[in-house]
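Written below as structure tokens is the structure these notes are about.
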Amino acid sequence: MINKVVSGAEEAIKDISDGACVMLGGFGLCGIPENCINALVAKQVKNLTCISNNAGVDDFGIGLMLKQRQVKKMISSYVGENAEFERQLLSGELEVELIPQGTLATRCLAAGYGMPAIFTPAGVGTEVAEGKEVRNFDGKDYLMEYAFDADFAIVKAWKGDTAGNLIFRSTSRNFNPVMAMAGKITIAEVEELVEAGELDPDQIHTPGIYVHRIFQGKNYEKRIEQLTVRK
Amino acid sequence: MFSKEEIAQRIAKEIKDGYYVNLGIGIPTLVANYIPNGINVVLQSENGLLGMGPFPYEGEEDADLINAGKQTITTLPGSSIFDSAMSFGMIRAQKVDLTILGAMEVSENGDIANWKIPGKMVKGMGGAMDLVASAKNIIVAMQHINKAGESKLLPKCTLPLTGVKCIKKIVTELAVLDILPEGGFKLLERAPGVSIEFIQQSTAGRLVVEGEIPEMRLD
Amino acid sequence: MINKVVSGAEEAIKDISDGACVMLGGFGLCGIPENCINALVAKQVKNLTCISNNAGVDDFGIGLMLKQRQVKKMISSYVGENAEFERQLLSGELEVELIPQGTLATRCLAAGYGMPAIFTPAGVGTEVAEGKEVRNFDGKDYLMEYAFDADFAIVKAWKGDTAGNLIFRSTSRNFNPVMAMAGKITIAEVEELVEAGELDPDQIHTPGIYVHRIFQGKNYEKRIEQLTVRK
Amino acid sequence: MFSKEEIAQRIAKEIKDGYYVNLGIGIPTLVANYIPNGINVVLQSENGLLGMGPFPYEGEEDADLINAGKQTITTLPGSSIFDSAMSFGMIRAQKVDLTILGAMEVSENGDIANWKIPGKMVKGMGGAMDLVASAKNIIVAMQHINKAGESKLLPKCTLPLTGVKCIKKIVTELAVLDILPEGGFKLLERAPGVSIEFIQQSTAGRLVVEGEIPEMRLD
């Protein structure tokens, strides 16, 4: 089996340089690649285009990169849970492209499945449709949306093996498997790294062929954005 | 007039046994509290969960288990987890029977605006555009009139659209209304104590009133 | 949770009538819905359009339906492992549409994901492309292929629960999950049916929302087509 | 002249450490036996498996575990299983580094025909059209001349095509040849004891011979 293990976040992201287009898994703060984000912050790489459903909060997740103005452009479905983001957006320092969440996910899927474009009804008749090809199938209009073309995808999994196979836990799965398929180079950080053969082949969510580098992350904070409990 | 809880309670009556339902943030979330006994419903959360359960007890929250509103939640026996592509795949393929969401404006031809106010900070559409473009059955839970006293049921939306010709039914603090296929808000029920005249006056779009209009019932 | 359990194959297929379009999971004889096929044979429903990667062998799988001339049209990627099939094809009794295997799988995926059409390079420049729209993306030609529109999908899983959730075993997974997503009505037969709650939500391959009827099958033969061993 | 085993052995030399490889039925299957020690390769089987292992020992066969040729096989530590859509998804996305397959005919511009002979029973293309249309690197393992003594390396294929302009390299019982970007079979190596003249005579398409042509080596 091919060994994909690297020493840690620093080595994993070593060739992500200024101007790169990087996908980051996670939904809100759930399932985000904390170690790699911290390494990107430490590396101070600049002018990134980040494709991620959300943009973190002021002091966690992608918010840490925004604070250092490392991000030139965000491609997301829902943002603005942090003040610095809002400031940069309103001042024009940050470019933001908002796209429907399903379109975001499916453009990842398209990249991972070698489909150059997909059709979705999301956004038909709205400003999202501006400049896009509209096509009618069976009486319903769809927008043609292109597969993403990202230099790197960075994902967070629960378990992974040395061959790059990944298993996600609960709703921290979210965008991680589709982004893992979509990167030209895919980096996976996992809570637990095991030897090839320890994971059941039937239970693997992301086959190792999609993963180029893997390492066991540390000090996961797993911050909760909206702690909601019942009495 | 109905409270937010009562709007949610009235909408819950639209849910049929065996439905898969997606609930948006706000009033729609409250609908889950009023699903009648004996009705089996599965809640879909578009971040990748079927079978959303109640909030966890304190100390039992799991950072890896949240809903689309980023709240900590629980699973139920029979729940399943999937990625975002499959989640929106099943939404687009109309496997979800009913979508309930909020709105800033709805027009008489069924357009909805609920994601952007020009000049204000835009947070994004999240999954709303996918949901309204795909769902076969959408109910909007909303206030009939805004804080300035202006109608939110309009001839034409003034805000940037989320979706076109997609809304089927609206439940407000004043009334239950269907959107007619040919356009127009058809008044079905009025909230207790609310007159047809007041609803008429609060509805900027074309209101269609035919026959007796009963009061909404929550039982 | 919604209960999807039916009494058995007979009840599961009760409304499949003459002329229906039916998808059947499996690759060769691996992972085929044996119980439902036998029930369709017993019911003697006719003029079926069958979408299945293969067409069984003379005395097993879809071959049993062919023998009774229940199939009007086969849509497959690889057939002809049975003599009766060949006879009917050459005599013109059976209509056959051969499509690339990846196109077959992806047209199922498209149906299950609500995408009316997809683009694939498979078949460009060949007779498969005849009459189809060719579109160039980034210098490469693709065919536009439409999502399947099948009345029923019949799949075989290893385990399933009363809510319709499915788990497949080893390479008997093959077309089963994508067909499960693609049927207007999806019927699943499983080797072991358990109560909702007994399967780990993270390990479910097909969420119950895609499955309309489920039952525990019996007497699985699981015939091996090419028994190959090493010394 | 090379035997089928020797063709497979020669092709195995093209496999690099870290490659994901899809092997077709026939000679390509034999390639697995000759992958050099120290070279880590993962075999993809398009019915939904990465990490195809050897055939099982007698009595250990599993009806649920087969390869694309429907043979009973085994998994290896690190194997993963997936559905047919993902399998062809990773093929289309060019995650598979090398595809090795057989052919009835190859043309000098890289077209391949390997699925249909008019007038004969057609079994279907299986996954071949997907593989040839998607793979970035395809090696064909084939006989240079057919049983009737006719060349299978042609100016233009006569049989229905499987794919166009997709083949990069051919290994036959006589020679190793590249398809030139501008068209033409470029002779790289000849089998031991086979003359350039014989290869020329056995190649109906344009053969490009430049400089010294070494004998194929299998070590």
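As written, the chain order gives the labels A, B, C and D, with residue 1 at the start of each chain.
Heads up, the rule we're going with is that contacts are C-beta pairs under 8 Å (C-beta built on N, C-alpha and C of every residue); 3 or more make two chains touch, one makes a residue touch a chain.
This is a predicted model, so every value here is computed, not measured.
Peer 1: What chains touch chain B and also chain D?
Peer 2: A, C
Peer 1: Which chain lies the greatest distance away from chain C when centres are computed from Cα atoms alone?
Peer 2: When every chain centre is compared against chain C, the largest gap points to B.
Peer 1: At what distance in angstrom does the C-alpha mean of chain D lie from that of chain C?
Peer 2: Chain C and chain D have C-alpha centres separated by 29 Å.
Peer 1: Once you find the CA centre of chain A and the CA centre of chain C, what distance in Å lies between them?
Peer 2: So the centre of chain A lies 33 Å away from the centre of chain C.
Peer 1: For chain B and chain C, let me know how many angstrom lie between their CA-based centres, rounded off.
Peer 2: Roughly 36 Å, centre to centre.
Peer 1: Multi-chain contacts only, two chains or more: what residues does chain C have there?
Peer 2: As it turns out, chain C has residues touching two or more other chains at 106, 109, 113-115, 120-121, 168-170, 173, 201-202.
Peer 1: Give me the residues of chain D that touch two or more other chains.
Peer 2: Counting only residues that touch two or more other chains, chain D contributes 49, 75, 81-82, 85, 88-89, 91-92, 134.
Peer 1: Considering only which chains touch which, label the overall pattern as line, ring, star, complete or other.
Peer 2: other
Peer 1: Which of the chains touch, listed as pairs?
Peer 2: A-B, A-C, A-D, B-C, C-D
Peer 1: In their shared complex, at which residues does chain B touch chain C?
Peer 2: So the residues of chain B in touch with chain C come to 18, 20, 40-42, 44, 49-51, 75-82, 85-86, 88-96, 134.
Peer 1: Under the stated contact criterion, what part of chain B meets chain A in this complex?
Peer 2: Within the complex, chain B contacts chain A at residues 45-49, 54-58, 60-67, 69-73, 75, 81-85, 87-89, 91-92, 111, 121-130, 133-134, 160-165.
Peer 1: Please name which positions on chain C make contact with chain D in the complex.
Peer 2: 27-31, 53, 76-81, 86, 89-90, 98, 100-106, 108-109, 120-128, 158, 168-178, 205, 222-230
Peer 1: Give the list of chain A residues in touch with chain C in this complex.
Peer 2: Residues in contact with chain C: 106, 109, 113-121, 137-138, 140, 142, 146, 167-170, 173, 201-203.
Peer 1: Report the residues of chain A in contact with chain D in the complex, numbered from low to high.
Peer 2: 1-3, 111-115, 161-163, 165, 181, 195-198, 201-202, 204, 207-210
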